[in-house]
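The two complexes that follow have subunit A in common; it is paired with subunit B in the first and with subunit C in the second.
What follows is the complex of A and B.
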């Protein structure tokens, strides 16, 4: 529409490409497996938060139940592999599709709710599903599923000896989630979502079908989060309901976006890069005696951000806009 | 082009307009005037589909549109700028304009009305990245009209475009309305500021308590002694 806008979008794309290249080179310098582990998690949460941001940030439907889709992705992949021998790559796709369908099925009643009522519904549904999985014998109930260890291979996406394949996959996932967001931002759907978030009544009068827009956002968001869940199952190679469907995942998807800037392109990444290493490091250094110190860190950050910069950190990096002459 | 016949609209049993008929021909600027509560806004809402008429018919280019959903009426080529403007306050000016254009599929189709918009309201082109809520009242009205133009309407309906706007910008907006007509569109405008509105209009209707009191060319209405006394304060 105008040159400044097109230029900004091109610049965003170039910065992202640059960051991917830098990130891809990082393992050359970081040999410490523990730090590599943190890098994998940071990239994974970047991807998850970016996906969460599509439904909750752009479309404004705050979900605190996205652990559901994360868990569904993990379980679909693990079950297909252990019960039917289906390779995790197809499991990922399957998990994504299952999650997207379930997101739409749940959206059908829930998108009639607005504001807090919607948020509460998402929490309740995720918690209920967690209980179901804890009692579902076929899926291992509370004991969960051990993914049998085979030889290291890209085919089965298992690597016992090195973190690097996981690192590069997580990087690719984060890049894809970012790119999808970037692309959607300037698409018909992106505009519809922002309109739905800002003023649903006005949106309706312009021919935006509010309900369908929310459904679309939920499907894309759930799909990407489920792929993240599938990845996580392979990464830890053992899953149980609490370790892939617990409420903490819903929080850890929301917090980076809130910290970095909700409904912005760069917010989730910025938030994840700050938040995830911080929690992992406090957990291991303060660890033992202080299980829960990481939660204190979250709490402090959230209080600080809501007091000082409720719009998120991302604006700090934006170039100062010139004031137009009167 | 637009023909409204015997339209009656009521809010919870309270009749706002009853048996109103108006005609708008292609290329005209038609002004609907009247005191507060005369039913002017209700008339526009009934045409735009924001209110469902209880009786009568609305025909646009030979197609009956009464009873259709609001966005389908927009798709037929009628754009409506309501009194409260219904902008997206936290979205940028650019996003607001874009949202008007998504009725059309091709990118070229969507961008086409922009030239006219920037020609009419150059100050909008300087404020593309600004949030709509940071604009002045007059600029917001310009944006609302521009967003309506982005839907590429054949008929543009404006409800009290001068409301809450400083006088200098009111003139600018009325001048823009004239140029919108010159660009090939038809305009139906509701106004309380009758004098200015009659200056640019071809024909006018005067509503009183939900009925058409008078209809004539704008020039004739302007010199009508009763109108001058009752509405123009002369």
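What follows is the complex of A and C.
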């Protein structure tokens, strides 16, 4: 491996560590609960988008059905807790494993599809599951599940009085998702994925097992998104099919990565930091009277980015690297 | 369940299916022409429905009379969308596939936001029209008039489209551009003009469908979303790019939906369509009539 690349990876890791420390100190200065709420959501979408980016960005399999794994994570945790009294921590792990297994089971037929057939299959599968949950009596059908509030405790991961525990968990989740991406980027898998994305036929001929590479990406991506869903269930303490499995989550996971830079290490975080506060703020300040302004703002942003800077905003922030002399 | 109920539902399913085919025709046309899936297709339908509603509300124009006007306005909208957005999306060097998806997706979000902002999220409906709420009885089977006329319009539109593609100069230019966009430049066909007209035509078709839909369906900013997914499934079933595959796909979707509604609770009626889509592409990854 060349030295410049190794140095860049070390620098990325240090920048990330620095950002985590700064983020961890933020709540000392920001006491406003409304702003804290936005910070939690921003971190959560950073984590989700980073996870989505593994399958759709690095491996190039654009999924618009990741709300499925988000919802499965939320439902697994909530069902295990309300029906069997299993602590959310185990629910999180369980939701992640269930989602990863389902992602592989679905990947088996889906990864034979290419292009638009694949994208539409991901939407269709997520919508089908949404309909099934809306009609599944045991899981509360369309009414959903109310997670009973007990005392504030890390054991049950419930906090009614303060947002801070959620904030730190979301920060940890975002950091883990980033670190997993960082680590995979330079692993065998990372190279396989990029090869599969660029030219699956050439990759196959060079001995990359394309199918297995896609399965691996799907499993990691689904696991992390499901943990995000579990977290969200605890955070809002009430879930129903539309509010955790609706199509809007599939979009909201994809858009930060698209904005920041799809298939890049820093893109999802950069995109989430811009997009989530922007939409939350426009929704509450402008959207009150007319509704829809938040949609206009981020729809426009997405169109502009797609047309003007398809590689995402991330390149604008990176220091110009000189091409090393041989 | 009697035989009559089954025939009754399948008949309405068939009519609805022909309308689905008309909704999907434009999507298939645009895809066939330039390999782009328009993710704002549902929003074109939504705008057509609103246009019909406002022509009715302000000028008391019956949706049937409004239909040509709506189709013409949608033609302009479609051509504009190509010239202002899609044309530039086609030039993307990085992430080409992603750019095509998200530029039209972003547009869909903007259109939905604009509709919410200007028209409010309230549900609207065309309260009385020549067709709305009426049924005719054909050999003992009751058929709702809006769907019946919609089905006839759909058949007529597909026939006109067939004639247009095979018998006119522009239609031949369309076919030629679809086969080889680079080579047509050599014989003096302006690729951009053909694409813009293709988008206009595609949007006009969904405009026609929207005018009919407005007579029996509620009109609200998100109305396009559910029909858009049905349209993608219809187009994919027929095989992307095959305009007449969309016709067949629409009929299949309509019949499957009706059959599902007979067997399962109404809230699950879309499950059948989704299942058929997955089944078809898993067995034949290019759709039923796909050739690409």
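Worth pointing out:
Here is the rule we use: the second predicted complex is superposed on the first by the 321 of 326 C-alpha atoms of A that agree within 3 Å, B and C clash if a C-alpha of one lies under 4 Å from a C-alpha of the other, contacts with A are read in each partner's own complex, and residues count from 1 in each chain.
Here, contacts are C-beta pairs under 8 Å (C-beta built on N, C-alpha and C of every residue); 3 or more make two chains touch, one makes a residue touch a chain.
If you're wondering where the values come from, they're calculated on a predicted model, not measured in any experiment.
Taking subunit A as the reference, the larger set of touched residues comes from C, when subunit B and subunit C are compared. After overlaying the two complexes on the shared chain, residue contacts for A:121 are found with subunit C alone; subunit B is out of touch.
When both complexes are overlaid on chain A, the residue A:93 reaches neither subunit B nor subunit C. By the touch criterion defined above, A:112 reaches subunit C but does not reach subunit B. Once the two complexes are overlaid on the shared chain, A:19 sits clear of subunit B and of subunit C alike.
Of the two partner chains placed around the shared chain by superposition, subunit B is the only one that A:4 touches, whereas subunit C remains out of contact. After overlaying the two complexes on the shared chain, residue contacts for A:101 are found with neither subunit B nor subunit C.
Legend: residue contacts after superposition of the two complexes on their common chain; A:199 is shown touching subunit B, with no touch to subunit C. Subunit C makes touch with subunit A in their complex at residues 31, 37, 85, 88-89, 92-99, 101-103, 105-117, 120-121, 221, 225, 229, 232-233, 236, 240, 265, 267-268, 270-271, 274-275, 277-278, 281-282, 285-287. For subunit B in complex with subunit A, the residues that touch the partner chain are 50, 70-72, 74-75, 80, 86-91, 94-95, 97-100, 102-103, 111, 114, 125-129, 147, 151. Contact residues on subunit A toward subunit B in their complex (touch as defined above): 1-2, 4-5, 188, 191-192, 194-195, 198-199, 201-208, 321, 324. Per the touch definition, subunit A reaches subunit C in the complex via residues 60, 62, 109, 112-117, 119-121, 123-125, 127-128, 131-132, 134-135, 247, 251, 254-255, 258, 262-263, 290-307, 310-311.
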